[in-house]
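For reference, the structure I am asking about is given below.
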Amino acid sequence: MTSDLAVREVASPKNSRARRSKFVSYLVLTLGAIVVLFPLYMAIVSSLLTPVQIGQQPPLFYPPSPQWRNYGDAFIGGHLSTYLWNSVLQTVEIVVGSVLTSLLAAFSFATFEFPLKKVLWALMLATLLIPFEVTIVTNYQTISSTHLLGSMWALTVPFMGSAIGIFLLRQAFLAIPGEIREATILDGCGPMRYFWRVAIPLVRPQLAAFTVIAVLGAWNQYLWPLLLTSNDEAHRTLQIGLKTLNSGTFEGYGVVLAGAMIASVPMLILMVVFNRQLVRSLTGGAIK
Amino acid sequence: MTTVRQRRSETVLALCLIAPALVLLTVFLLYPFFKNFTLFLYHAPPYPGLPSKWAGFSQFFDTISSTSFLEGLTATAIYTVLVVPIGVFLGLVLSVAAHQKLKGMAIYRTIFATTAVSSVAVAAIVFGTFMNPVLGLLPWLGIDTNPTILQNPTWAIFAMAIIGLWQFIGLSFILFSAGLQSLPEEVLEAAKLDGASPAKAFFTVTIPLLSPTIFYVFTVGVIAAMFTFGQMDLLIGPGAASAVHVNTLAYQIYQYVVTQPNPGVAACISIALFILTAIVTLANFRFLERRVNYDV
Amino acid sequence: MASVAFNHVTKKFGDTSVLNGLDLEVADGEFLVLLGPSGCGKTTALRMVAGLESPTTGTVAIGGSVVNDVAPQHRDVAMVFQNYALYPHLSVAKNIEFPLRQRDISADIRAQKVRDVAQMLGLAELLDRKPRQLSGGQRQRVALARAIVREPVCFLMDEPLSNLDATLRARTRSEIVRLQHELATTTIFVTHDQVEAMTMGDRIAVLNAGDLQQVGTPTELFENPANAFVAGFIGNPGMSLLSANASQGQLAIGGTQTPFSASGLNGAVTIGVRIDGVELSSSGIAAICDGVEVLGAEVHVLAHLGDDQIIVRQGASAPRPKIGEQIFIQLTTEPLYFDAVTGLRVSQ
């Protein structure tokens, strides 16, 4: 800026420019939000319509007399109550298992020096590169040959090890200052006591982040449950239940959509409550 | 601290702690991954229980030159091209618009993130229902539904891509928002003080600084797209997928495991698909190293 | 309470030698300062007493028994770390209580001990706070409290004052000394700050590049440095070291004769002069002024002659030389003599 005049000249268009860019932002975001939400909105509306209303022309954009019984039908007639319970069980098993094994392994890699450490760490990292999809041929055979088949464990045990979890949590353990570990040693605290009493409380944020992403991943699983429970109604998860509900010659689209809403509500709640943890885990812990 | 006995007991403890994760990852990822490389050398027996027949590399080359594989490759490629660039672009635009200290931004962020937490089954049901001609939405919008979109060899892949795109926008948005937050504020301020217009500042400052994130989102998107098959399975099914050109490679692996079991062929496709994703990942790393180099 | 002894202790990290045969005894109840520039091996020596490092050769003994093979938690020593190493997720009370919880001590007694120590260190009001809600000085006192509450046989302190501001550091120095006298617990205190060493230690062990230079009381080190390094390191400022020449009962600096005889010496010699052993004058040893530090009541003139630096004191009202100006210096007290090659003190 060479003079006062120049400053003033710049200042006023800048103001209107700022207002304009604010307006454009809102416009873009609102349009985007409408496009993103419209299918969900229509799904919610339609989940409350009768079969006749759903086929109506022009379509209804609100439920004139909400058919809550669609939800009841999905739960009872569509067996979603069983599938919901299976999904909860599946998610809990996978999350507890993968969090536990990842915590232990990550702690070990971050804390101890031992032979073959580098080799084992490289092995862990290598598994990050293997997509689960390319392993199903053998995994299907492996699981079929064990007595796990026909139990929830068949759905969950293969996912109880997580390279991502080990990776994220190891970073977190490494970030604890060495002096803290040394202080616990001098205070007479063995490695496992240090693990439970000091280290785990200190990595709680990263632990929460990994737990959230583990819940999301487990709940939304499609391929593996599809392989195992297409013909096993007793252990079918919600996601696969939606498929059978959809392909069944059943009570109509209102009920199917009601089922889809039931399946998505837990994750929507999770996202709203744990948004920060979700973002942190999706970005690999790079953003706090 | 470092007497021999203590060191040995510490080693034992360290290995015990790693063991559960290591065993699981080995049994369910490493072993089956490498098992592909023996499976793909054998023809599956005509009846289960009979010995497998040695095929050598011929089975692999037969598979990847077969019509169905090439169709799958084409479907996967078209799907990826439809979903990823648009998803990256929309995620970027929305995150830039939301990256301002304006009122209500938290609500918009939550809205866009919803699609990232929706499962493929939910997304497929929601969209699939409205693509159904029995419902009034598409005719009302003036879209001809005869034959229905999901049975239309030209349009089915677009229907699949819209579902994938809807899911991918949320992730793309979250990743870009995080990337924008980590940009150095001073550089953007400096550009403003230098008199750059918002548009100019965006293209000459924000985009170059954001390029690592752009490539990251791109890679994540491509890899996810290459393994897509959920909406195909849920809305079209293994029988019809090929007829409407949506029989992606990942779906074919599933079919060769379940609907027409053939471990040898499944292993061949798995290996081919893995090689493709490895190439994408490596190319991206090379590109990142070469192009995206700056010190901030 | 216990004595601590290093018996010809060496430490190597790969090919780098950090300690070259340290022999040092710390008496029961003594406050010993390990002093030296960074990288001299003082922290390594301290960590060996703690058991966080093990000697490559030699032995470390606590209370007369060798502890090389004793795990840190069984040595009964407490350490105060440079960054305090407080447990961030625990309150002040829980931090202090932590070492007690690892033993068989009933909850009542634990609570009583925490209260007593908190009282002693003025932390009673802060017991429910988390470390991040404390000032640097308060954190430092919590770290001390955590060490004291264990009633260990020995305190190890690794530059515990280096993160405090100057005023607080001075105050904390005397507080630690007072506590140590009250508790009469053997204390090894590591620092690179010779003022800390001089004001706190019963004795000081000066280390440089892995070698023990001298052990003694602050006065001994100040008045009778064993070598040129100690002479230059101890005191505020340390001795100025100048190369000089002795021949036929005459000491000459830069060709200029001095009134001192340097009897019994011949040839090149290094001399050490304290700031009060030299003065500016109109003639004498020529030097070039490098700068002037005004300290209030007095003024320090920094100068060099050849490669040697010297500091001369001046009254506040005297005319001050300019930078680059030639000045003249005279020795007013007989200097100390050191071997020009080995740096060892030469007795006359």
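Letters A, B and C mark the chains in the order given here, with residues in each chain numbered from 1 onward.
Quick note on the criterion: a residue touches a chain if its C-beta (ideal position, glycine included) is under 8 Å from a C-beta of that chain, and two chains touch if they have at least 3 such contacts.
A quick note: this is a predicted structure, and the numbers were derived from the prediction, not measured.
S.K.: Taking CA centroids for every chain, report which one is farthest away from subunit A.
M.R.: C
S.K.: What chain is most central when centres are computed from CA atoms?
M.R.: The most central chain, going by mean C-alpha position, is A.
S.K.: Can you check how far apart subunit A and subunit C are, centre to centre, with Cα atoms defining each centre and the answer in Å?
M.R.: 56
S.K.: Where the centres are mean C-alpha positions, what is the separation of subunit A from subunit B, in Å?
M.R.: The answer is 15 Å.
S.K.: At what distance in angstrom does the C-alpha mean of subunit C lie from that of subunit B?
M.R.: Spacing between the chain centres: roughly 61 Å.
S.K.: So which stretches of subunit B touch two or more other chains?
M.R.: Answer for subunit B, listing residues that touch two or more other chains: 1.
S.K.: Considering subunit C alone, which of its residues make contact with at least two other chains?
M.R.: As it turns out, subunit C has residues touching two or more other chains at 51-52, 72.
S.K.: Can you list the subunit A residues in contact with two or more other chains?
M.R.: Residues 185.
S.K.: Mind pulling up the subunit A residues that touch subunit C in the complex?
M.R.: Residue positions touching the partner: 177, 179-180, 182-190, 193, 198, 201-202, 204.
S.K.: Please give the residue numbers of subunit C that touch subunit A in the complex, ascending.
M.R.: Of all residues in subunit C, those touching subunit A are 50-52, 72-73, 77-79, 81-85, 87-89, 98-99, 102-103, 146, 150.
S.K.: Which residues of subunit B touch subunit A in the complex?
M.R.: By the definition above, subunit B touches subunit A via 1, 10-11, 13-15, 17-18, 20-33, 35-36, 39, 90, 93-94, 97-98, 100, 102, 108-122, 125-130, 132, 134-137, 139-140, 166, 169-171, 174-175, 177-178, 181-182, 195, 197-198, 223, 227, 229-230, 233-235, 237, 250, 253-254, 256-258, 263, 266-267, 270-271, 273-274, 277-278, 281.
S.K.: Can you check the complex and tell me which residues of subunit A touch subunit B?
M.R.: 10, 17, 21-22, 24-26, 28-29, 32-33, 36-37, 39-40, 42-43, 46, 54-59, 100-102, 104-105, 107-109, 111-112, 114-115, 117, 120, 123-124, 126-127, 129-142, 157-163, 166, 185, 191-192, 216, 219-220, 222-223, 226-227, 230, 238-240, 242-243, 246-247, 253, 256-257, 259-260, 263-264, 267-268, 270-272, 275, 278-279, 282-283, 286-287
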